[in-house]
Structures are given as structure tokens and as C-alpha cells.
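Both complexes shown next keep subunit A, but they swap its partner, so subunit B is in the first and subunit C is in the second.
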Partner chain A sequence: MEVAHQVWLIARRSLLRTARQPGTWVPPLLFPLMLMAVNSNGLRAATHLPGFPTHSFLAFFIPFSFMQGALFASGIAGVDLARDIDTGFLNRLALTPVRGSALLLGQIGGALGLGAAQAVVYLSVALAAGVHIDAGVGGAVLILVLAVGAAAGFGGLGLFLALRTGSGEGVQSMFPLLFFLLLVSSMNLPRNLIEVGWFRDLATINPVSYLIEALRSLVIQGWNGEALGLGFGFTAALIAVSMLLAARQLRVRMTRT
Partner chain B sequence: MSSRLEVAVALAYRQTTVLLKNPSLFLPPMLFPLMNFVAFAGGLSRLRHVPGFNFSGGYTAFQFVFVLLQSAVFGGVFTGFGIARDFERGFARRLLVSAPERGGIILGYAIAALLRWLMIATVLTVVALIAGMKVGGSGVDLFGLYGLAILFNQVGLLWACGIAMRLRTIQAAPLMQTPVFLVLFLAPVYVPLHLLQGWIHAVARVNPLTFLLEAGRGLIEGQPTQLAAAFGTAAILLAVFMVWARTGLARAERAG
Partner chain C sequence: MPARDAGIVVEGLVREFKDVRAVDGIDLEISPGEIYGFLGPNGAGKSTTVHMLTTLLPPTAGRATVAGYDVVRDGARVRARIGAALQETALDPFLSGREHLRLQASLHGIRGAKRTTLQDDLLARVGLTQAADRKIRTYSGGMKRRLDLALALIHNPSMLFLDEPTTGLDPQSRAALWEEVGRLSRHEGVTVFLTTQYLEEADVLADRVGIIDHGHIVAEGTPTQLKAEIGRSTVEVVPESPEETPRLSALLTRFGVPTAGKPGATAVQLEGRDGLADVVRALDLEGLRTAEINLHSPSLDDVFLAKTGRTLEGADEEPA
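Moving on to the complex of A and B:
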């Protein structure tokens, strides 16, 4: 069986499993929207700060939803794989000719599917709420690509955590730490407006800031080559590193099995 | 009365021991308020320069009050998760059979929620002081602030307890925490009430948490305000959710 076919079979299973459990995909879909509605109003006063790049805090804040959705994707990918480990599915799969790379790429299917659906919903809601995408239709497409890329990167981290801990609880308990990456980024204010030095430094070395800034640039600035280069660069690096870690951890787990 | 207290103390001891022996249960509720405090107080301090922002205690103290109240109510809600887990694992049913005074069960969980939050509050306060939080209020003011937080902690516990005893499954966790989360973030979290605009201003004005938040911020600033409204609101919430939890216990008793 070709690797591509193996990936498709496992990805389809992952997608169907996610789709059949509303409890898995409804909260990740609604929660970021809820926070977007609340925070974009609660923080609207920030637009009065000198140097704030836009008059619409909603437009400024939208990338947060995409990133939060991507973080949820990491949880879904990880918990699903942990369940497969727990139920022995992974062990049974190890007896078949399925390749490790196909397993990892396929397992991330549910997270990618959800990531894509989330991105379309968030973007549609933002447009319906009156947000204007400065980079136009091409920019909107790029936002979706970047959002799905972020979901793949964080999904890969979820797989690594699942393979490392072997338990859904273990994956879930790491979620606050991943969420912390989002909190110490430039999600609420542009980095040049962050007043506290150590926080600005943390936001500057935090790759999540660059993912957010790339998405944000398409919404409020138009085409900003530097922001997009950094955003796509860090997304590609995140995908590469997380999948590499997951692949290594899969080998370790298979050896133990 | 003594048997009710015995049940309560034994249950609180058990819950606290379970908590301390399981870092996965103890650490997330401890880390979450700290993370929020770091993110809000550190990342948003520029908001104090927004025209009309007139809180004199500094942005760290402004956010500390919100995070303190948030940690208090979630300390109660997370204890509610423990109640649901106790029902799923059969412990709560055995407890219902063996407890000579079932009223002590809610009291026991309430004491456990309070102890759990006191640990979190201690760490949070130390971190805030290290971060340079300015405290303008006197000892009495601070007593009032922590008193408000304790009341809110018990409100959170009683709300989650009512849900846990009605549904008796950990799958009810989102139902316990999502409404609380919404109430928290529909209050003036980042800026004072008068700087909110649009629908969120209208909602925040009638949100009971707004009274607690504004009173708490007044207390830490040393300029107490809206104390009667805040303590009155907390007392009403406590009374309502006490009935909610007690009727939940009655449902659990009937379910057997």
C-alpha cells in the first residue's frame, strides 16, 4: 500500500472521529469566538493609545482566535493519539505495514480539518462583524493557509506529547503551558506598545508573536513582506520541529512496544 | 452538630490530601491565575495611559484584584470537578451511605475549596508583591478584599457543587466553568467600567461581579467604594447557591 493511501486512510479515520464527537469540536469552535467578542470590546480603549496601529480592536485581535483554535487542535490531535495508545489501537497498527510517517501525518488529519473549519468560521464572523481585510481576497486566503499551518504545527506538538506521555490527561495538563505562549505574545498590544521590559522581551523571543503579527499584518496593514516572511518561517519551523520530535518519540514508543 | 462537623473536617482533609498528592490536579489551577496575572499586568500596563484611566494604585494592583477574584471562584469550581470525579468513582455514593450527617458533605467540600484557594492566594500575593504591586489600602481594607474573595470562592464552590451533584459526571465540567468564565470576562477586566463602550458596558453595569471588582479595587487602592453593594451581592449569591447546592445534594440522595 502506498504511503499516500495509508495517510489518507488514517486521516479519514481521524477526521471522522473528530466530526462524530461534537463535544470535541464545538467548544474549540465557539470558545475563541466568545473570547473574541468579549475581549475586542473590553480592550477597545487600547485603540486610544498613541501609536496604536488601527481604530478597530476587533481587526487587531482576530489573529488571537486563529491561534487559540490552533492550540485547541494540538489538544485534539494529542488526546486522540493518546486514546489510540490507551486502547491498544497503536499496537495493533504496528503489526500492519503502515509506515510511521503515514501514521503521524494521518493522525493530524482531524486537527487539520478542524483547523481549516475554524479558520473559515472565524474569518467569516470577522467579515460579518465589519472587519476589512487590507490585503484583499489574496490576503484572506493566506490567512487561512497560515491558520491551517499553525494548526499543523501545534497538532504535531500534541502528537509528540501524546507519544511521550501516553495519556490524554498528560496531553491536557500541558495545555496551560502552550496557552502561556499565547498569553506572553503580542496578542493584546503591539510589541512597541508593551510597557514592561521583560514582558516585551518575552514577546519578542516568543515565536507565537510572529505568527500573530503575520496574520494581523494581512488584516490591518496589507502586504508586509517582513511580517509574512517571519510568520511563515516560524510556522514551517514549528511544523518541522514538532513532527521531527513526534517521529523520534514514535520510534521510542514502538521500540518499547 | 458535632457529627456534621466531623464529616466536614474528614472530607476536607481527604480532598486536600488528594489534591496535594496529585500535581496534575494541583498545578493547573495554581498556574492559570499566575499566567493571567503575568499576561495582564505585564502585557497590558500601557492601558493606564488611556485617557480617563483614573486608578491611582497602578496597573499591577488593578489587575491583581481581578486575578485574585478569578482564582477564588475557580478554586471553588475546580473543587466542583473533584466532587464530580468522586461521584464517577463511587466515592461520593459510599460517602452518602456512611456519613451520619449529610449536611457535612457540602461543608467539607466548602472547607476544601477554601484551603485550596488560600494556597493559591498566598502564592499569587507573593508574586504580585515581588512584581512591585503598590498597596494603598490599610490592613482593614485588605481584610475586606480577601473577605470578598473568600465569599466569591464559596459562591463558586456552591455553584459547581450543585451542578456536580445533579449530573454526577466529570463531563459536566464545561457546564461548571463556562458560565463562570463568561461572568468574569463580562466585567470591567482591563479598564474601569466607565471606559468600556458598547454592549459590554451595558452588560458589565448589571454584572454582579462588577460590584465585587470595583469594591476590591477600591480597597487595594485605599479608597473603599461600593462596599455595601459588593458584600450585599456576595451574600445574596451565597444564599442562592447554598439552596442550589443543598437541593443538588437532595437530588443525589434520591438518585442513590
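Moving on to the complex of A and C:
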């Protein structure tokens, strides 16, 4: 109970500071929407390809926005923690009875809050633009859960890098790599329609593809157990690995006796 | 008011960082309720010592107890009894002063009406009631330091660690902080461990002073004791005409060792205790007209010079 309260206290602070810096969350909120608008029009012709799973490229492309939003949100969590290390705020917290686990889970609170808010906005925009969620209301809820899960997983990586490097620049250096993972996934085409062999292979071994495909399946297919299993499995593994790495690094960074 | 807890006992404390021995076997004994000034230049080992005593950094060797608890074995108990305002002004620019106090109090398990009362009392005590709901990014340096002190006191600690608390403050803010620290020690029995680069701060505030240099304690005692050890005053003379400076220097060196003075002045550290009258008589006999004559009692800077071969201001440079 005490740990849960500590998580809430740290998360509340994380949410407040995120909300009070519009410069950190407005562009990450808008950029995926802009990309969604551009790509859903510009790449609409792809829906005429034989075997393309839907007639709406917007419905096909919307999962990419959730992933992109999760990435941006996770960057905020990492950069904020790096700033706390740099200013000594982490030391201030270390001098209180706060538990390390509460510190990590709380620090990620801002990212989760932002991830959830972004997902709601993207979903609302998609619905307003005429996208139909095949899996219904339950599917829409699951989309939000997956999007927040992805924010938590990538957020854990951000925390790990912040603790490892102690600098915001160190955290930001992760983004080109994560963005590359997004680009070489099945974000623009289903894997079976990617004709370039090496690209298809990269998309197949890239776990981000499975997260996108799980989200996509809820929008355009309904309930696809295999896609959801892979998507949730990857998300759970990402959260577990990234938080484990962050927890280990916290013990190195916060060496209180 | 009597002190509320045991003080600080340090035996052979060492901290190494790779090849650097930042703290090299220091011993300290600080009585409960005492204000101990830890004086030294940048990189002398002050902050490293504070980080070890506040449990934020494990020592490489040696032993320390704070408020009666071992800093390595009983870290959580030590933390429950200490408050710390560390060198970095570790505040969140996007939270208000009141939100900082609320977070800090809640993490210490203080809730409800007690927390609200405590917040209001501390804000009033450090003069931040009016600014309590403003974001920290609008605070001045002095306001941040005062909030830092309030945060360190939120759980009513018996011991306070202040790491260079007045660095960068204007004289008025500095004096206000000194007054509050003095009050905490005198009226609430709080033991204060204060690091500083300012000699005046140590002189005014500390019951006892330890001077650290290159990880070693080179002198320790009350400011009066330390200055008495040096025992020599400095006389500083400004000639009416700058052309008289060589003649003045030659005359003054008969009375003591040349030392640094203000621009345009010639200064010597007097050999004897009653040398000023002799200096004035000699100046008169030689017909040297002066614009200004000053006599300085020994300062902690003189103590630092005597113990390390450098002045504190130039202590980042190696001794000649």
C-alpha cells in the first residue's frame, strides 16, 4: 500500500510537470496526426493492390500513429529523469524513504498519461474521419491498452538510458534507432505485399511489426488471436526487459546505503 | 534547547574514485547541537564527505555514525533523522514551492492536516508564504535556497547537512539564512554540518571549523582558537603618492613578512603583537605620508594560508 502511494506521488509530479510543458507534448501529439493525414491520402492507392486487407488506408495506417505517440511519450520520461539526475532532484528523492521500484514506476507515470491521452486523441480523430473499429468497443479499449503498454515499454528503455548516461542527450540518442525500427516494420504495407526480399525479412524479424499488426488487426479484422497474442507478448516482454534494465541501472545510479 | 540526538563520529573515512582519493582518512567528532563548519576550496573533498555522511555514497574505507547510526549498515535510520540541502539546487522548475513541500512531506509519510500545517509553518518561517504557489522557475536564487532549507526540515530532522547553502546569494539573503540556521541550532537543538567556501560564513556561524584540503583535515578548532594559533595581524598601508611605494615596502619589511594587500597598498604580516605603533612611528620618522593605514586581525584565510601554503581564493592552484 505504501509503495502504491509512493508510485502515485511520483507519478503525479511526473504528470504535472509534463502537462505544464506544452512544448514537450503538443508537437509529439500533432506530428503523428499530420503524418496520418499526409500518408492516408498520399498512399491511398496502395489499397488497390491485390490482397490489401482494407479499402481504407487510414484504417490501415492508424496503428503507426499509436506507436509513434508511444515513442515520443517514452522520450519525455527518459529526458525528465535525466534532468532529475543532472539537477540533483534524484538525490533529494533518495534521501526520503521512497522505494526504488516506486521511483521507476512513478517516473514513467507522465509517459503513460501522455501515451493514454495521445491514444484517445488518435482514436477519436480516426473515428471522426470514418474509421470503423471492427473489434467494436472492446477492441477500442484494447487498442488503448496496447498503446499505453507500448509507451510503458519504450518508456522503460528511456529510463534505462537516462540512468545509464545521466543526460538528456543520451536518451535522445535512442530515438533514431527506435524510429528506424518503426520504418523497417510493416507500418506502410502488409508483410506479404512487401516485394523487396530484405525489407520483408527485416519487417518479419522486427518485433515492432507484431505490435503494429496487433493494433491493426483490431481495427480492420476484428478479433485475431494470433496477432493479439504476438502483439501483447512483445509488449509484455518489452516492459519486462526494459524495466529490469532500468531497475538494475537505478541500483548503480542511486547508491544510497 | 538541548540537542535531540547523538552527533557525528567519523573514523578514518576514505572515498576513492578510480585513481583519485577524494577523501583520505578523515576523523571528525561533532557534538549534538553543534554547528560545524567544513571549510575548503573546490575539489577539497567537502561534498564527497557530505554525500557519505548522508548515505548517498558508500565509503571506500573507514566508519561513520550519524545521529547514532552507522551510515553503511543503518542507512534508512540515518536518512530518517537527517535533513539535507545539497549543493545542487535540486528543485523542479515546473512545480510550485507548496507542491515541493507536499511531495517531500508525503514521501516522509506525513499526511492530511498535519502536512498542511507543517507546510504553512515552514513557508512562513523561510518567508515564502506569498510565493508558495508560484512555479520555482520564477524564484530568485535566495528564494530557492530558502525553499531548499524548508524541504530539508519537513520531517523535523535532528541533524542538518547544508552543502554550500549561500553560494551565489546576495548579502541580505545570506544573512537571513545564517540567522535561520543559528536559530535552528540554538532553539531547536539541531546539529548542523555546513560546508562552505566562505570564510566569513564559517567565522560567523560555526561553533567549530574543520579545514579540508586534498581530502585531509589540515586544521580544526573554534574560529577563535584557529586564529589565535596564527596570532599575527596584518598592517596595510596606502602611500599618498604611488611613487613612494618602493620606499614604503622597504620600510615595512623591517616589521614583518610581505603579504597580499588591496590594490595600491603594501601589506606585511607583523612579527610581533604590538607592531602597529612602531610602524606609525617609523613612517613618521621617514617622512612617508600615507593616505590610509589599516590593521587586520588574523582571519580564517590566514589560517588556511598557514596550513596549506595558499589562500582559499587561490586554492585551486597548487602551492608554489
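Just so it is clear, the second predicted complex is superposed on the first by the 254 of 257 C-alpha atoms of A that agree within 3 Å, B and C clash if a C-alpha of one lies under 4 Å from a C-alpha of the other, contacts with A are read in each partner's own complex, and residues count from 1 in each chain.
Keep in mind that, in the parts below, contacts are C-beta pairs under 8 Å (C-beta built on N, C-alpha and C of every residue); 3 or more make two chains touch, one makes a residue touch a chain.
Keep in mind that this is a model prediction, so the values were computed, not measured.
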Side-by-side fit of subunit B and subunit C on subunit A, or clash: fit
Superposed arrangement, angle subtended at the Cα centre of subunit A by subunit B and subunit C, nearest 10 degrees: 90
Touched partner set for A:Asn188, first subunit B, second subunit C, both or neither: first
Touched partner set for A:Trp198, first subunit B, second subunit C, both or neither: first
Which superposed partner A:Gln6 touches (first subunit B, second subunit C, both, neither): second
Partner chain in contact with A:Gln21 - subunit B first, subunit C second, else both or neither: second
Subunit B versus subunit C as contact partner of A:Leu33, first or second or both or neither: neither
First, second, both or neither for A:Ala94, with subunit B first and subunit C second: second
Greater residue coverage of subunit A in the superposed arrangement, subunit B or subunit C: B
Least Cα gap, in Å, left between subunit B and subunit C after the two complexes are fitted on chain A: 17
Interfacial residue positions of subunit A with respect to subunit B in the complex: 23, 27, 34-35, 38-39, 41-46, 48-49, 169, 173, 176-177, 179-180, 183-184, 188-189, 193-196, 198-199, 203
Subunit C residues touching subunit A - in the complex, by the definition given at the top: 54-58, 71-73, 75-76, 79-80, 82, 84, 86-92, 94-95, 99, 103-104, 106-109, 135, 151
Subunit B to subunit A touching residues, read off their complex: 24, 27-28, 31-32, 35-36, 38-39, 41-47, 49-51, 53, 171, 174, 182, 185-186, 188-191, 195-200
Residue numbers on subunit A that touch subunit C, as the complex places them: 2, 5-6, 9, 13, 16-17, 20-21, 87-98, 255-257
